[in-house]
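Got some structures for you, see below.
Next, two complexes with subunit A in common: one pairs it with subunit B, the other with subunit C.
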Partner chain A sequence: MEVDREDGRSQNQLRPLACSRSILHRAHGSASWSQGDTKVLAAVYGPRAGTKKNENPEKACIEVIWKPKTGQIGKLEKEYEMILKRTLQSICILTVNPNTTTSVMIQVVNDDGALLPSAINAACMALVDAGIPMRHLAVAICCCVARSGLVILDPTKLEEQKMKAFAYLVFPNSVHSVLPKGPPSVQGEPIENGIITSFTHGTMSVDDYFYCLERGRAASTKLSDFLRRNLQQQPTNSSKAG
Partner chain B sequence: MDVRLANTWRLSLNEKNFIKTALLSDIRIDGRKPFDFRNIIIIFGREDGSAEVQLGQTRVMCVVTAKFVQPFRDRPNEGTLSIYTEFSPMADPSFEAGRAGESAVELGRIIDRGLRESRAVDTESLCIVAGKLAWAIRIDIHILDNGGNLVDAANIAALAALMTFRRPECSLGGEDGQEVIIHPPEIRDPVPLIVHHLPIAITFGFFDERVMVIDPTHNEEAVMAGRMIATINANGDICAIQKAGGEGVDQRVIMQCLQLATTKAVDITKQIKAAVETYNSERALQKIKHEPTCVATKVKEGQDQTLDNEGINELVGKYMERLKLISRESYASQNINDEVEVEPKSLRRGADSNGIKFSSAPLSWDPYSKGVDPEFLKASVASQGLSTGNKKKESSGDEKPETPGPFEDVNPNSSAVGASRNEMQVMGPKTLKDAVKPKNKRKKKGSSMI
Partner chain C sequence: MGLPNASGDLSTEVEVDAFRRLFPLRFFEKHLLESIRPDARPLGRARDTTIALGAVASANGSALAKIGSTTMLAAIKMEVMAPSIEIPDEGCIAIDFHMPPICSPIVRPGRPAEAAPVVAKQLSDTILSSGMINLKELSLVSGKAAWMAYLDIYCLDADGALFDAALLAAVAAFSHLEIPVVSLNDDGKIVLSEEQGLSDREPVNKEKRKVNLGSIPFSLTCILHKNYILADPTAEEESIMETSVTVVLDSSSQLVSLYKPGGAVLAYTSAIQDCIALTRQRVKELQKILEEAISGMEVD
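So, the complex of A and B:
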């Protein structure tokens, strides 16, 4: 089934990706991620001494601050903060620096669809830039289900509004192991098939959802490669104190 | 509480003394002279009314939006202008999220005084129905990186954003002439704001022993004893002066500062205007290229990676039917080829000069990498000015604001087509079979362009 997308992409095509690291001078780590016209800036400070009141002091704590492009901070921003915080908590190794807080700040520069996935990707890159220890990276993708039942990837804002339902999916990135025994797996399945986060909006059938997962996984391999190439290209700057 | 103290950044005594001693010999730690401004880079965002300014290490982003409100009762004929400053904790670890600290409030007030009270932005033109409906302009300033002198950078960002902001055009209509119709941007061009003059803020830092510098960095700000911010426009009119406490300064020094500020304001005004000009001309070019997309959308189905002879025949057949085209569109489609060739570079727009840049080769993004040969296009165009499959490339490729240089002549006369026709008279009559050559030919063309 062919679908008419406004910018001429096919249903499985992503928008052009661009990513830069270490763009801010005061922040310990920073990254800018853009997918097509959606652009997000992420900055990381940390680890800093002390945890918040209700957090477990035996582990590191992650704090997320989301700044929209314009307007007041409302419930949507708080929800995004919570999702981002839980996602990042599951990929960071929290036992390495107990009783510390790592702050992640997200600034939306432009929103043209798939905002939360872009923010997750940007936050991940910023954490790498800051040198926070992580198990693996998180790769986020948005899949939406059209009214005709077609699943398309990486929608623009107009497409997102017209769709019946969409899902933001976050997968661990693919692993290239140097050990001969092969990549780590959980119960026989390779680790990159796991889902870290899934956030859906609208109604979709179970089959549609599984189809989204499949497409999302396939796209996440491409994204992982892009991330890997980007990270391997430049070494990070020396640590920034203060 | 002591946790917060442990996390604040403080300059060591040695560093402070170093800065002060160096200033006594007119040396600044970043190598500037005392009256040198840092390099200003103005970058515009995708949408109208969004600008980012880099002043050395300081980065500020400003977004302008508008909506309808009822005007204030004591000013029923004017719209409103409001400034919201957010000192994001991204910029400096000592900034707190949520609550605006006193320096954030001060910054907002200084910019507000410069813009509103000096009548730089014309608020009377924002009124639609007196007493009932007017535009409220909201300026959001996001501080991204605190490298010192946030006021000046934020001011420039606000001015750049205001000058490139466009509000939808609206007119009164309906039976009683009281209904307001908002015209969508596709029907009528959005309208820019009326800005009479540009008030530029210049910050001076005062140190011990009568030392004065312009545009302090954040290290110098931690050391300085007092500061003064003068908002001046290019005509030499003083819009505002802010000196809140700090070390007492001789009046001759103040006069000297003001004279210096006037010269700097002239320079910065020129820079802002030049940046806005470039943005406006790019925007105008983009608008023209955007027009044909409404023609192209229908022909999308059946477009595929491999265009063999039958495919091209089909395409040409389809497009032969659309004869309403103006030659400038075909000119545009030729240029789009150029644009796609340099597409990976165009992703660089908006990326910062200081940081590490990386743009991916578009992930299977360009569906027309094996697309129609440009020479074929010129041949087909010469006859009647067709829109060909390149229209699609155009709609997908021209999201990037980089526009090819040679596209200057926009008049819808046939001189453009004539020129192209002359160019390839040399080729002689071409058949459709010739059209599908050239990967190698296109590569040569690509390399000559880059």
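So, the complex of A and C:
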């Protein structure tokens, strides 16, 4: 089933990705991520001493501040901050630097659809740039469900608004295992099939959602390869923190 | 030092309550091995749920929902306003969720709860995208006047599963909502008519009517911990095992929302299917409870 997308992409095609790290000199880690016209800047400061009042001092704490392109900070920004914070908490190894706070600042430069996944990807790359210890990377993708049940990936803002539902999915990155027996699996499924975060909007059928998951996983493999190439090309300058 | 050794030595000597505070995760895991939780619920069962309609007499629609100890009070006030120019034949719903300091020791007047704006936005998204309320029903005179429904939900006791209880209270309040009678007066303004039968005023709507509800959304929050799935967590369970999945299904089994905000445990397909199955059961339970509450009100 072919679908006409305005920019001529096929249903599984992602927009051109671009990522650069260490663009801000005073931040301990920074990255700029763009998917088509959506562009997000992420900066990481930390780890700094001390945690906030309600947080557990035996673990590192992650704080996220989301700055929209225009307008005041409202409930949408608070929700994105909470989702981003919990996603990053699940990928970072929090027991390595207890009683510290790492601040992640997200600045939206342009919003043309799939904003939260771009921000998660940018934050992840900024954390790598800052040298924060992580278990695996978070690879985020947006899937839209059209009224006909067709799933398209990486929508633009117009497409997001027209479609009946969309889902933001975050997976761990795909594993290239050096072990002879292959990558570890849980319950018969490889680790990269597990969902770290899922955020949906709009009503879709349960089968549509599982279809989105399949497409999302396939796309996350492509994104993981992009991240791997990008990280291997540009080695991190490790003389920033402290 | 060795914490595991310490708890092993102490577990025979320390009282249950002290063990619960000192080693909360071990306390819960001991229960999970027997497929039960500290409050004697099996893993897939939700707490006792009650709905009381008409809790706030001065509001146009209200409900008090309790899931276990979590208590939510929802109230709807209707006001007439001018509709927007782009959509002249639709009304509007404004949803707000408050967590006053009464609900939990963590919330203080100067320190608002972090969860409040997040739950408010989630509720707003869920209710508007589920198609429960057709906004065209809230229109009075196309282009000139339409209803604005202010839905306020107050959390009176925060004991876990806040979103579930808030959604249930909101849905119950909408099912109790009665749109008041209004008429057009000489200046062309809409006024509330107190009595019917005033000669020079023609009522715009003849009688107090209920809103037609489309497919109603119901939700269930589950916690994932290793291989266990715990339905309807209490606040203690949520603070110890942080990975939660909230599934919202509507009465025609369409998925309105599947919300998993991060968390250390990854959700595989089998876990998601189990959560959706638990939610389907819960939807049937909640539909029954809501219908009983509505028919109880009508008898009065």
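Rule of thumb we're sticking to: the second predicted complex is superposed on the first by the 240 of 242 C-alpha atoms of A that agree within 3 Å, B and C clash if a C-alpha of one lies under 4 Å from a C-alpha of the other, contacts with A are read in each partner's own complex, and residues count from 1 in each chain.
By our rule, a contact is a pair of C-beta atoms (placed from the backbone, for glycine too) under 8 Å apart; a residue touches a chain by one contact, two chains touch by 3 or more.
Bear in mind that the values here come from a model prediction, so they are computed numbers and not experimental data.
Trainee: Subunit A superposed: clash or fit between subunit B and subunit C?
Mentor: Overlaying the two complexes on subunit A (C-alpha atoms) leaves subunit C and subunit B fitting together cleanly.
Trainee: With the two complexes superposed on chain A, say which partner A:201 touches: subunit B (first), subunit C (second), both, or neither.
Mentor: second
Trainee: So, does A:36 touch the first partner subunit B, the second partner subunit C, both, or neither?
Mentor: A:36 sits against subunit B, while subunit C stays out of touch.
Trainee: According to the contact criterion defined above, which of subunit B and subunit C contacts more residues of subunit A?
Mentor: Larger number of subunit A residues touched: B.
Trainee: If we overlay the two complexes on their shared chain A, which of subunit B and subunit C does A:155 touch? Say first, second, both or neither.
Mentor: After superposition on chain A, A:155 lies in contact with neither partner.
Trainee: Rounding in steps of 10 degrees, give the angle subunit B-subunit A-subunit C taken between C-alpha centres.
Mentor: Superposed on A, the angle at subunit A reads 110 degrees.
Trainee: Mind working out whether A:107 is in touch with subunit B, subunit C, both or neither, as first, second, both or neither?
Mentor: Touch partner of A:107: subunit B, not subunit C.
Trainee: Looking at the overlay, does A:47 come into contact with subunit B only (first), subunit C only (second), both, or neither?
Mentor: neither
Trainee: Could you look at A:83 and tell me whether it touches subunit B, subunit C, both or neither (first, second, both, neither)?
Mentor: second
Trainee: Of the two partner chains, subunit B (first) and subunit C (second), which one does A:193 touch, if any: first, second, both, or neither?
Mentor: Only subunit C; A:193 stays clear of subunit B.
Trainee: Aligned on chain A, what is the least Cα gap between subunit B and subunit C? Give it in whole Å.
Mentor: 12
Trainee: Using the superposition on A, tell me which residues of subunit A are in contact with subunit B and, in the other complex, with subunit C.
Mentor: none
Trainee: Please name which positions on subunit A make contact with subunit B in the complex.
Mentor: Counting only subunit A, the residues touching subunit B are 2, 4, 6-10, 13-27, 30, 32, 34, 36-37, 39, 41, 43, 45, 48-50, 65, 67, 69-71, 73, 103, 105, 107, 109-110, 112, 222, 226, 229-230, 233-234, 242.
Trainee: For subunit B, which residues count as touching subunit A in their complex?
Mentor: 3, 6-7, 9, 45-47, 50, 52, 57, 59, 61, 63, 65, 86, 88-93, 97-98, 138, 140, 142, 144-147, 297, 300-301, 303, 343, 347-348, 350-352, 354-360, 362-365, 367, 392-393, 395-396, 399
Trainee: Using the touch definition up top, name the residues of subunit A that touch subunit C in the complex.
Mentor: 54, 74-76, 78-79, 82-83, 85-90, 165, 167, 170, 172, 186-187, 189, 191, 193-206, 208-210, 213
Trainee: Across the complex, what residues on subunit C touch subunit A?
Mentor: Residues 106, 114, 117-118, 120-122, 124-125, 129-131, 242-243, 245, 250, 253-264, 266-270, 272, 276.
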